[in-house]
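Per-chain numbering from 1; labels A, B, C and D assigned in written order.
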Amino acid sequence: MSDVVQVAGEVIAIRRVGAYQHLTIVAPGVAEAARPGQFVALAVGGPTSANLLRRCFSLHKVSPSGAYGGTLDVVIAAKGPGTQWLAGLRAHDKVDVVAPLGRPFPIPTEPVACVLVGGGYGSAPLFWLADVLRERGCHVEMVLGAASEDRLFGVVEARRSADGVTVTTDDGSAGRRGWVSDVLPEIITRTSAAVVYGCGPMGMLRSITEVATAHGAVAQVAVEESMACGVGVCMTCVMPVRGKDGTTRMVRSCVEGPVFRGDRVRWEAFTDGVCRVPADTVGAPRAGGH
Amino acid sequence: MADLTTRLGTLTLPNPVMTASGCAANGRELHRFFDVSELGAFVTKTVMADPRSGRPTPRMAETPSGMLNSIGLQGPGIGAFLDKDLTWLKSVGARVLVSIAGNTAVEFAQVARDLVAHPAFDAVVGVEVNISCPNVANRGLVFACDPMSSAKVVSLVREELPRDFPMFAKLTPDVTDIVAIADAAVRAGAGGLTMINTLLGIAIDTDRMRPQLAAVTGGLSGPAVRPVAVRAIWQCTAAMRENRIDAVPIIGVGGVRSGLDALELLAAGASAVQVGTATFNDPSAPRRVLTELESALDERGFASLTDVVGLAHDRKVTL
Amino acid sequence: MADLTTRLGTLTLPNPVMTASGCAANGRELHRFFDVSELGAFVTKTVMADPRSGRPTPRMAETPSGMLNSIGLQGPGIGAFLDKDLTWLKSVGARVLVSIAGNTAVEFAQVARDLVAHPAFDAVVGVEVNISCPNVANRGLVFACDPMSSAKVVSLVREELPRDFPMFAKLTPDVTDIVAIADAAVRAGAGGLTMINTLLGIAIDTDRMRPQLAAVTGGLSGPAVRPVAVRAIWQCTAAMRENRIDAVPIIGVGGVRSGLDALELLAAGASAVQVGTATFNDPSAPRRVLTELESALDERGFASLTDVVGLAHDRKVTL
Amino acid sequence: MSDVVQVAGEVIAIRRVGAYQHLTIVAPGVAEAARPGQFVALAVGGPTSANLLRRCFSLHKVSPSGAYGGTLDVVIAAKGPGTQWLAGLRAHDKVDVVAPLGRPFPIPTEPVACVLVGGGYGSAPLFWLADVLRERGCHVEMVLGAASEDRLFGVVEARRSADGVTVTTDDGSAGRRGWVSDVLPEIITRTSAAVVYGCGPMGMLRSITEVATAHGAVAQVAVEESMACGVGVCMTCVMPVRGKDGTTRMVRSCVEGPVFRGDRVRWEAFTDGVCRVPADTVGAPRAGGH
């Protein structure tokens, strides 16, 4: 956790891609240290902003230098005030950047087969990951899933970056109707994949983990917990994760994650938008609670 | 360049800017953005006797110019804190203000005892007693909501610390009369006051139509609450100036985002300021506030930080 | 389209959105932007027995997502209010909630008596007793900071009003235990509660290095304080649901700027909401909030406003 | 106080003029009802703004219709966060407009001589006023004063709108060195002016009033009190003004002003940035205060 930079970024391009906005931001110093799976924390709203907290986005890609100095790309779904503000930026607008943050996807030392699964904008970091894996000689399959066609991101890019691409949508508007977990078993089996990488909503990551584990593959998932700071100082982004010692702790997903081994995450603690503290967690409240 | 040295009772610091407890973890994370030893002091996350998992999530909600948190004092417990965190802070040369708490008054004292006994204690410039936390023995009522509970904690901790060792009681603004609580804490042996902790608040998720925080209530912080912090500091300072309570130094905290915000708290009577929630917006905030404060003093022609402490009381318009 | 009718004890209103006292003057000014009779009720600026000049200026300071004000209850006195303002409000068909205050408990009662005796009283749907103002008889301590003073005012006003006439006590959040004050007010005869009034705050002018307000302290309002308002409403509603205090309707106020903000207060337990400071940002705010609230209910599939009142208590996650 | 409109305005031009920014905003419905001396209240900071209160500016000019629909012009000195945000707007940015507000300058029924005195950006509403007065056959002299040359606004426009123009600056960087009150006696005397109109800082308005009164002219001054709402609902903008009945009341400068007869204003109440309530004001606090 050392090579992070904070820099006054400048938007140089913003374009709509399906339901998303794709931003390119000049942010010198980020690309050199960044790895796939890491993220950026952006300040929102400018100097008069009432929205203090940073918004976090997976790094889609980075380039160490170009006509404008190093750049980074993010893919943003406009939801609340912060993402709406970001989606409304124009070229030359300023945005404060803190990046790269968090632990990247671990890269296998051997050239094994891998499946990369992205839900909605969750695919954003996977093309760069695919490139890195293929450089290492890995066979790479991608699965892109979304509610509907406009919420898929990067189908064309996927065909360039991966050896095989499968698309699913909940409503069947593109690819196969259904969920990524419907197609995953067949792909793992066919490619004898050793690692399944996932990025997307929590429910999807849980099922990816289950499928991968059931088929003898390791799941590496990038989680999306609500974050206030992104840099490890606020303790809002915690989730229960088993350590190597088997003990569960409430760990910060911004510094110890966002990428976790799927089988270490205590998925059963997440229900209905709440994550409870499992009773066997270190320091869990005893009767009376805290 | 103004002399930024500040005196907090028996404690002298090269400058008045600190982190706020719970908003800076225990130093390593921010050390990536600036050298934490450059701050007047580094205030650690409140530590209790045992490890604590903290509360379920969601633990935070963004609110206009602020946020709610219900972290629930997650932490490693005093033992691990001392061996890992305090020892690291000492290794980088930070001046450390250690924030402590307990579920009971006796637990506060126990934490203080462990702290004093540790080899890294020489990096500690003071103790902040976070009495703005629930008293298990008194139906979970926050210690600092009651003068008697506040006094009890303060006096027990006082006994564990070396004579005249800097000790600050951290107060909650959620009381009818903060001066009465300040008075109780000072009489019980607090050498200074830190104010304010967060305000109790709730936000509702209007999609789910239920509280946004799993724990329902949370602490409100950020620039939104700065006027309440300035008011609390002002009231206690006024009471000290009028000899209604004993005079002790105040560390101001609440909504400081810029050097001018810090200057507001200082002018109201604080001798030092902590930067909390603003750090989430800008991880360099504590260090930046220091630079900005220095310029603000220079621009206004003040030769020394001590010239501005409480100055707004002297310059108050008489009507 | 959801049925927006709301019931506040003996009072039924076609919709739950009101102005907040002191943030809408007495109607004429906003009537240029929307028809004030379309609101559930129009809440007038707190009126006292005699004309009042209010405080010196500066009387306001902008703060992050809020403001401080020290207007000092400027107003024409009850006589001129009744003949000019109330009569005008009646002429445009507004349902009026009249906010009253006094320097002493007896003055509150006198103002209520004058109100009841006036020909325009039939436009009045209720009285809001602003006990969040200083009690001259008790060293200027705010009535609503003390259960006894609160009860005294409420019971004296109660005697002046027709039996079962809607009467709301307006509480300050600046207390250690707002449920205790609510309890005192309800026992003394308040048929409902309005919460919250402003929080006491101070801002410092960092150029002049003195308080920005001539009166030093002011009341903090606006979206910044919404989490405190939601919390106060939640706490009193929870106490009523658990039969710790008698159940009466609550009018929520504090930081409402949008229909979703209003929904937050309703879900926490309010049966109506007032729009205050947001009106300074957008003079159409009260009317716009009504429209937005209606859409918000429709989008969420609620057939009736009453379905959402206090809903967040039922949907609270059990941990 | 009836013909006010609230409308989503759109910036169509923004340009720097000396120390100021001159904005032209499309705001249909404003021009028709507006008169010189009235003002506009603008919301600042956009949807994520932490600055809730409106900022008020004199209407510099209005045109009922043009290529874009009715427009209004304002001249802004960037000081705090709100005016800085406004000064940073670009063409096509949106800004919520409430206008026209307040009482305009009263126009004499006879074609008398008038002197129009503007301090800094205070001259902004005076050119339009001069045009209206000259249409009525009035002789119009203008006096523009400022701390330094870059803080003068509209010297060229003045030469077009007025029969005579005098410029003063505190530092002598343009026109005569000194204050507007230094040159005013001579101009009133020379032109036998019946009315002196003033707009600028409070101290200047006070001395304009004194000079005018001493020379037998009536002062009509547009004051600048700190305003939160601009529309008459907050009571922050009050000042002590004598009514026709001789009684002093704390009146709202946003609805009963901003233009007042100078000799009605209780100038002595203003000292050192504070305005006290004179003891003879209606409802003034008795011993103990309120």
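The rule we apply is simple: a contact is a pair of C-beta atoms (placed from the backbone, for glycine too) under 8 Å apart; a residue touches a chain by one contact, two chains touch by 3 or more.
To keep track of the chains, here are their UniProt names: A, D = Dihydroorotate dehydrogenase electron transfer subunit; B, C = Dihydroorotate dehydrogenase.
Just so it is clear, the structure is predicted and the values come from calculations on it, not from any experiment.
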(message) If I count C-beta pairs in contact for every pair of chains, which pair wins?
(response) B-C
(request) Return the distance between the CA-based centres of chain B (Dihydroorotate dehydrogenase) and chain C (Dihydroorotate dehydrogenase), expressed in whole Å. (result) 33
(request) Indicate the whole-number Å distance between the mean C-alpha point of chain B (Dihydroorotate dehydrogenase) and the mean C-alpha point of chain D. (result) 46
(request) State, to the nearest whole Å, the distance from the C-alpha centre of chain A to the C-alpha centre of chain D. (result) 55
(message) Where in chain A do residues touch at least two different other chains?
(response) 50-51, 274, 276
(request) Mark out which residues of chain C (Dihydroorotate dehydrogenase) touch at least two other chains, giving numbers and ranges. (result) 56, 64-66, 208, 214, 222-223, 317, 319
(request) Quick one: label the inter-chain contact graph as line, ring, star, complete or other. (result) complete
(message) If we count contacts the way the header does, which residues on chain D are in touch with chain B (Dihydroorotate dehydrogenase) in the complex?
(response) 50, 272, 274, 276, 289
(request) Quick one: which bits of chain B (Dihydroorotate dehydrogenase) touch chain C (Dihydroorotate dehydrogenase) in the complex? Just the residue numbers, please. (result) 56, 61, 63-66, 68, 145, 174-176, 199-204, 206-211, 214-218, 220, 222-228, 230-231, 234, 255, 260, 263-264, 267-268, 296, 300, 308, 311-312, 315-317, 319
(request) Would you tell me which residues of chain C (Dihydroorotate dehydrogenase) are touching chain D in their complex? (result) 22-25, 28-30, 32-33, 45, 50-60, 62, 64-67, 69, 71-75, 77, 103, 134, 136, 208, 214, 222-223, 277-284
(message) Quick check on the complex: what are the chain A residues that touch chain B (Dihydroorotate dehydrogenase)?
(response) 1-2, 4, 6, 43, 50-54, 96, 98, 225-226, 228-229, 231-239, 249-250, 255, 273-277, 281-285, 288, 290
(message) Which residues of chain C (Dihydroorotate dehydrogenase) touch chain A once you look at their complex with the stated criterion?
(response) 64-65, 223, 317, 319
